[in-house]
Every structure is written in structure tokens, then in C-alpha cells.
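I've put the structures underneath this note.
The two complexes that follow have chain A in common; it is paired with chain B in the first and with chain C in the second.
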Partner chain A sequence: MTQAQCPSCARLQAPRLFCPDCGAPLAVELDYFTALGLSRRLTLDSGQLETLYHDLGRRLHPDRFANRRAAIRNASLNATALLTRAFRTLRDPVSRGLYWLELHGEKLAADNKRVPPELAEMIFEMQETLAQLRDAASGSKPERENLRAQVASAHQRVETMLQDALTELHGNFERWDASVNPNPDLLVQLKAILSRIAYLRTLARDLERALELHDLR
Partner chain B sequence: MALIFGIDLGTTNSLIAVMEEGRPKVIPDPVSGDTMLPSVVALMPGAKVAVGKAAIALEPHLNVERDGRVSAAGLEADGQGAVIRSIKRYMGLGGDEVALQERHRYTFGDFSGPVVRFQVGQRTFTPPQISAEILRTLKAWGEAATGHKVERVVITVPAYFNDGQRQATKDAGRLAGLEVLRLVNEPTAASLAYGLHSMASGRVAVYDFGGGTFDISILNVKEGIFEVLATNGDTHLGGDDIDQAIVDLMLEGMSEAMRHDRQVWNSARRVAEEAKKCLSVQAETTLELRLPERTISRRLSRQELERLAQPMVSRTIQCCARALKDAGLTAAEIDAVVLVGGSTRMPLVRDEVERFFGREPLCSLNPDEVVALGAAVQAGVLMGKSGDMLLLDVVPLSLGIESMGGVMERLIHRNTTIPTIARERFTTAVDNQTHVDIHVLQGERELAKDCRSLARFKLGPLEPAPAGMARIEVTFLVDANGILNVTARDERTGREHSVDVKPSYGLTDEEIERMLEEAIDLGEEDLAQRLLIQARNDAEQILGALRKQLAEYGDLLEAAERGAIEALAARLAAAQSGSDRELIARLVDQLNDATTPFAHRIMEQAIKTALEKRSVEEVS
Partner chain C sequence: MAYSSKVLDHYNNPRNVGSFPKEAADVGTGVVGAPECGDVMKLQLKINPEGVIEDARFKTFGCGSAIASSSYVTELVKGKRIEEAMAIKNSAIVQELNLPPVKIHCSVLAEDAIKAAINDWKAKHGKQVEATPADKAAQG
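So, the complex of A and B:
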């Protein structure tokens, strides 16, 4: 990576958020792990992440440079935006996993974009129930209540599966971090779990919306 | 370093505050001692303006007739004027966005165009110009109280204000001669004031129900960091709407002409506001509306008021539920609930908030002052005087662009911490395309047509190239004020691209420049005009007096003296009808000097006559 010139003391610095000589923010592009001063590990302690974010934010925020030159204020704006994006991406294990894949030149393959086979039947059933609930808007009350209960229980089921998938994801993260030469199977597995979570999240959101809509009527 | 002041530019009242010895303090009006300036502006003929209580005093005299003509005593005969309340409701609105039921309240320029305009006589005023008058008055209060120039300020805005409403607030500051260093969201400002006050930590919900707007913000407060997790609200929902519901009740069954009469509406609104306040402490009150032909009288109980207000309060609670959901929290996970804004004085509001969050809300700081105090705290942060406090706010509404098929493509999601940056790559669709058009939108709906149009950008000119060859990276930056800035860069050449911005609503930079120039010109022209009128009045006075004296005491003058005086008087009379103020003033002075001996003689004569008269009386 190229060096960055400090907008305050004009020295050339290796890319990082701050100028080590004068403490001014630097306008640089960094990967999210480096920005937060973390090594590229998939397991992260969320409390530690928040502390890092707050400490760095306090030093970088544009409010700290309100009386400085435009170039310094701009660097602070850019550095703060980068820091926030880094924090938000790494805080959520799923977006962290996807970002980590991206950093390693990997992304969800075409077959990950299809409905995971183990979910296909369930997703199909739930879509049916959702359609019935929509159509029953003008139906009898007991009928609607019955369908609502079905959707609510489907929602519960999806939430449980999501929790399980997240646990599985953490297991996968830990195995990655522990291995020096990771088994290629780990990568296949990681992609499969991330894809499954993406589908489960969408499904959970659809079910939730349907319940909200129903309850509003 | 110059002081930075905090301003709460409210719908109903506005305040100015500053940090003093580490604590925020509200600055009162140096004359009356009031801490709150009613956000009421009277626009009168001859570019005269009154703000606050002075404007309220004019209210019964202005807006008398539907066309805004004025015929009241104390105002120039046949002049035109308007008294404008709640200008904040109109900030950032396009002409077509003025609600139908509000269109009869004032005379508007027209209902199209990117900015709503108030028509006063031959002139039109935009909301930022009218808000600027409120800011100017607060600036004068601040300068009188502190002896410091008020030049750099922090202004608060509703958290749910969109980009256009924020921009309009910044424009108002600029028009008032202020550098707006920062816009701070009102609920966040309130949390800063509370944070400094009690060093509360944990998850805080700030429920801010003011005169015209409602906001709910959920914050995580930890070791001086005030991090907004989610915000929601309605920028056209406030105490004004509850007043209006009472007005509708009072005017029920009356003719449309009556209901749309400005004077009737104004009186009814005042009665409604009083009744609402009264019912916060009493169980029942009487609504009494005196109209020229009749008086409407009616009892109103708190129960009835609550039935009227319930739909609006329910809407605020729905906003709370959405904000909690976006924050990923349940009501039980909230550690403290803070009440802000005058409308939270209503017992119904307190009860509903307490019921929803399951805990008693805090209101230890004055709900009318807490936002201004918070603005001062943020001003202190910018001056480096508020210790380690730091505010991390969010963008209230998603930002995106119109993509193929009229779909809104979100680039920055609502509740993203600001400042934030999104980059998007654009290319050409056909060979030798010279420009790329980008339509920027704000809102949560799926289709572009249902979102609010922010601006249209034209990228280019591009060098002729086959379709898809151009690579333009556009950076959408939302700054700490929640305002969008767009820049573009050619990826191949690395050159910055010019971005031709056409804001969909609001004022352009050129328009603001022109208004600033006009304000200065008008100010000078106005002053010169006033001085001329004064000089003419002085001339009139001295000439009138002279005519009387010559008729009565003319024999006290020698013929030569009289000739000299009359010649001077003739020159002054000629100058008086001209517009050379200095000539008039000089002649007035000369005539004064020339008539001094005459005046002495008249005086002596008068004394002599009086003495003679008395001696006659004494004798008889």
C-alpha cells in the first residue's frame, strides 16, 4: 500500500488511521481489521470491539477538529466514516464472515445463491402459509387466527434454526482461527452456513412483516 | 477562541444558551428577562420585522383580511403584512408540499416551485428568511448578555428532519450571518444535557414531543459516548396538531368561510392552546371564543381532550415501537426514559409513555430548556470544553438512488452512524454517452416515486467512448450534520468530476447569495429612507411652527429680518420635496439659527403679556 501524507505535519506515513508523529487523522483506505488494529481473526469479542471503536472514535471524530484546517477536517471525516463502517461490518458475525471471504478473494459461489436444499421444503411450505394468510384477509376470524398461529409458530421455528446456524458459524470461525493450514472443507462449510443464514434471515423478516401487517388490521 | 453558542430553533419557542464555567446556561432577553423567544415573526411594510412577543402583539392587527391587507392603527395605512407562527413546519418544503388544510392560514406565493414562499404585499419570503429573523433576535440576546459576538453556533433540529429540512436550517443560519458549525438532533442534545447533569449511563430513550414535531431516539450512553442506536419520528406531528383538533371542535358546524377566516382561526387557536395547557392541571375548562357577531362557549373536559389527542399520541407510540425494533431492543431493556418538549406536560402523554416503556419517565430538567442546554454542551464539545464527551448520531432516513425500473436502491440505510460514506460505480449505457444522470432519493419506500427526491446530478462531460467503458466512482458522504454531499471521480484518470447539482427542493447557493445581498441593500436603503423621512418631518415641523409665529408675532421682526427668514424657509420648503436628506438637514439647522432671535422675542413678548394679564386679574 502507498504511503499517506499527514494533512497536519505533512510527513509521509505508512497507512493507518493516525499520524504517529502528530496524532492527526490520515485520509487512507484500510481493511477493516487493520483500521481497528485487529489481527485477521474470525472470532471477535464484541465488548472488546466496542471499546476499540469508542476509543478510536473519540480521537478521530470531526468534533475534535472543528477548529482545524479543511484538509484535516476532511481526513477526520473520512477516517471516522471508515472506522464506523469497519465496526458495523465486523460486529455482526455474518457480515464479518462475508467480509473475511472477500478479503481472501472468495465470495459465495453460484450454488450458494440457490436455496439451500435442506431448507427448500420448509421455505416452500412457509411461503404457502404466508400466501394463505394474505388471501384470508377477508376470511372468517377463526380461520385468520388459525393461520396467524401457524405463521407465528413458523417464525419461532426459523428463529431457533437461526440461533443454531449462528452457533455453527462460531464453531467454524474457531476452527479457522485454530488451524495453520485450514482444511479446504472449512471454506465450503463456511460458505454454506453463511448462505443458509442469509436465507433464514430473509424468511424470518418476511414472517415478521406478515405478522405485523396482520396485527395492524 | 471565540465562544460557540447553542440555539434551539423551535416550532413554538426558540432559545439560546452557552457554556459558562463548565455548565450550560440559557441566556435570557436582556430587556424582559424571558428565556424563551416565541417563534413568531411579523413581516410589515417597509421591510420592517418584529419577532417574539412584539410580533404576537401585532397579531390581532395583521392578517385581518384574506388578502393580507392591513388597516389597523399603528401600522402604515393601507400597508400589508403577516404574522407567521410555526415557521419550522414549512422549513424545507416545496410549494406543493404545504398541506391543504394549512393553505388558508397565510397568503402563499404559489403552490409550485422548490421552496414555499409567503406573500407579503409585493414581496415574498422563504422559510429560511423568516427563521433567520428569529436567529437574529437570539443573536442580539446572546451578544447583549455575554459581550461576545455571536458568530459561530450549533443549532438543533428534529432527529427525523430530512436532508432538505436540515439544509433549510443551515440556510437560515447563513442568512442571519451565523456560521452553523453543527446541526444536532434535538433528542440527542437533550440526552447530552441529561448526561452532563446526572452522568446517566445505559440505554436511554428520549421521547421528544414538541410544538410541531415528534422524535424518539434510543441511545447507548457509556463513559461520555452518546451513541444513537436508532431514531424515528414525524416532522409534522406536535402540540399544534392537538390545538388544531380543539379548534376543529370549536368551529364544528360553522361555514367554511368562517372556519377558513384567518382572524377566527387565530383567536380559536389561542383559546385552544390555553385550554390545553389548563387541562394539564385541571379536569375541566371553558372554551370561550369571542367573534365579532357571536361568542362560542363550550365546556371541555380533560377526558374529551384526551379523546381528541389519543390518535396523535398513539402515532408517537408506534414510532417508539419502530425505533426499538431498529435498535434491536425491547422496551424492558431500556434503562431510562427522558421526556422533552412542551407537549410532554400532558398527563395523557406521560401515562402512555410510562405504559409503553414500563417505567416512570424522567423529567428533572425543564422540558422547554433541555434541548438548548444540550446544544450548548455540543458547542462546548466543539470548543474542546466538554471533556471527553462525544456524540455519535445516525441518519434518520435511508439514502439511495433511482435505479432501473424506478426502484429505489439504498446506498445508506437509515440508522447508520454518521459521518458515513458510500461509494457507487457508474458507467455509460450507450456508445459516446456524454453525461450520466443520477437521481438521489431519501425514504423507506421501495419505489423511487414514493421516496422524496433530494437532487439530480449530472456527471460529465465524458469523453466519447463505447458503452460501459466509463468508470465513474461517486462518493455519497453524509456529514455529522446529517447532510448529504456528493463528489465524483473518474477511475481511469483519477480526476475529480464536476457534479452539477439540481436540488429538488430548497434554495440554491446562488439564491442564498442573492438574498444575503438583498438583505444588506434593503437594510441600507431602508435606513436611508428612514433618515430622509425623519429630515422631512423635522422640516415640516419647523416650517409649520414658523408660519404660525409669523402670523401671530410678525410685527416683532424688522422687514430685512423677515425677508431673510422667509427666503430660507422657501429654500427649505423646496428641498423638503426633494430627496437630498443632507440639504434638508442643513437648511433646518440654518433656519433654526436664523429664527433664534425671533423665538427669544416671542418668548419675551409672551412673558410680558402673561404678566400684564395677571396684574389685571390681581387688580380685579
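So, the complex of A and C:
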């Protein structure tokens, strides 16, 4: 990586958020791990991440540079924005995984239109029950209650599957961190787990909405 | 974001919603999904022995554009030979429905659903199946 010149003391520095010599923010584009001063590892301690974010946020805060030259003020704004994006992306395991794909030149949607058949089967089945619940608005009370119970239990099942998928995601993260030369299969697996999570989240959201709507009536 | 009037029309009055029996010899089923938004689309085509698409049904769970795209393709493919249907490009769907750039992936999904459904029918009849992007991903 090229060096960055500090807008305050003019020294050349390795790319990071602020100048280690004078503390001024540096105007640089960094990957999110470097921005937070972390090594590229997928398993993160969320407490540590939060501490880093708040410490760096204080040191780079635009208020501290309000009386400085425009170049320094702008660097502070840019560095703060980058820091916030980095924190928000890395804080959540799913968005962290998606960002990891991006760092490896991959996209979730690229060549990835096949829904695992058993998952598709379940989605269509549950959506069918949802449609019945929507259509039963004028039906008898026991009929509606029965359908509501079916949708509620489907929702429970999807939430459990989501939890399992998140556990699987964490396992994938650990395997990345444990390998010096990561097996290309890890990327394929990561993509598959993240896709599964996306389908399950959409389904969970539809089920939740239907339950809320039903209960409002 | 505002939907075009054609998207709204297909969304409010979807054509050919439903399904055919998946096991029927003359039915090809394509299930495709868009993992970036979690949309899932099922397209079924009833194809006669001469390779002409006689009827189509769809079920799509997702945004208005995804529903409109699949509703539109069920109308578009009816009466077409499978070779013609295979040649349908997503750009035709984008144009017809006036989809904005952020919804272009919905039309790609519909194009892939046609290919997947035809390939399913071909596989049932022991015909050579063309590899689709979805197949390549599954192998890779």
C-alpha cells in the first residue's frame, strides 16, 4: 500500500486512520479491518470492536479539528465516515461475511440462482399456509386460529433454522481464521450459508408480518 | 421508488398464478432465487411433445418487480417453441415492464426460471440439457 501524507505535519505515514506523530486524521481509503486497526480475521470480539470504534471515534471527531485547515477538517470527516461504515459492517456477522466475499472478489448474487431444493420446498409450503391465513380473514374463528397456530409454528421453525445457520456461519469463520492457506471450498461454503440466511430472513419477515396483520384484525 | 403502471398491473392482477403437478411428464419446473434479496420464483411450463409451450404457471415470493416479471413471462412464453423461449433475454422483460436499474435482477431471475423449467422438461424426456448459470454455480 502507498503511504499517505499527513495534512497537518506533512510526514509520510503507513495507511491508517490518523497520523501516529501528530494525531491528525489522514485522508486515506482503507479496508474495514485496517481502518479499525484489526488483523483480517473473521471471528471478532464484539466488545473489543466497540471499544476500538469509540476510541477511534473520539480521536477523529470533527469537533476536535473544527479550527484547523480545510484539508484537516475534511480528513476528519472522511475518516469518521469510514470508521462508522467499518464498524457497522464488521459488527454484524452476516454483513461481515458479505464484506469478506467482496474482499475475495466474490459477490453473493454471482452465479448463484439455485435455491437448495429442500429449502425451496419449505418456502413454498410455508407461503402456501400464509396465503391461506390471508384468505381466511372472513372465515370462522376456529379456522383462523388454527391457521394462525400453523404460521406461528412455521415462524418458530424458521427462527431455529436461522440460529443454526448463524452457528454454521461462525464455524466457517473459525475455519478461515485457522487456515494459513484457506481452501477455496471455504468461500463456496460461506456463499452457500449466507444465501441460506438471506432466504430464511425473507421468509421469517413474511411470516412475522402475516402474524402481526392477523393479530391487528 | 415508483413502480411503472405495467408492473402495478401485473402485481395487482397477476396472470397464471398457481402450479401444475410437478411429476407430470409434460411439465417442466424451474425454481430460482435471488440471494441478495431472498426472492424465490417457481415457473412451470406445460410443453407438448412437439416442444411447444401450451401453458404456464408461476408462484413468486418477493418484491413487486419479481412478481410482475414472472407474471409477464408466463404470458410471453405461451405458444412459443422451447428454442424461442430459451432465447428470451431479460432485456425484453426490462423493456416491457420499464424496470428501474435496481430491479433488473428480477428480470434476470425470470429469464433463468424459463431456462430452468425447460431444462427440467428436457431432462424428463432424456434430451440434451444446456448448462445455465445456475447449473454452473452448482458444479463450481
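Just so we're on the same page, the second predicted complex is superposed on the first by the 199 of 217 C-alpha atoms of A that agree within 3 Å, B and C clash if a C-alpha of one lies under 4 Å from a C-alpha of the other, contacts with A are read in each partner's own complex, and residues count from 1 in each chain.
We adopt the following convention: contacts are C-beta pairs under 8 Å (C-beta built on N, C-alpha and C of every residue); 3 or more make two chains touch, one makes a residue touch a chain.
Keep in mind the model is a prediction, meaning the values are calculated, not measured.
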item	value
Which partner, chain B or chain C, touches more chain A residues	C
First (chain B), second (chain C), both or neither touched by A:209	neither
Partner chain in contact with A:80 - chain B first, chain C second, else both or neither	first
Touching partner for A:88 - first (chain B), second (chain C), both, neither	first
Which of chain B and chain C A:120 touches, first, second, both or neither	second
Chain B versus chain C as contact partner of A:41, first or second or both or neither	neither
Contacts of A:58 with chain B and chain C, given as first, second, both or neither	first
Contacts of A:199 with chain B and chain C, given as first, second, both or neither	second
Chain B and chain C contact sites that coincide on chain A, given as residue numbers	none
Chain A partner contacts - residues on chain B that touch it in the complex	1, 181-182, 222-223, 225, 227, 378, 381-384, 388, 390-392, 416-417, 419-421, 477, 479-480
Residues of chain A touching chain B in the complex	54, 57-58, 61-64, 66-67, 77-78, 80-82, 84-85, 88
Residue ranges of chain C touching chain A (in the complex, touch as defined)	31-40, 42, 59, 61-62, 105, 109, 112, 132-138, 140
Complex contacts: residues of chain A adjacent to chain C	108-115, 117, 120, 123-124, 127, 188, 194-195, 198-203, 206
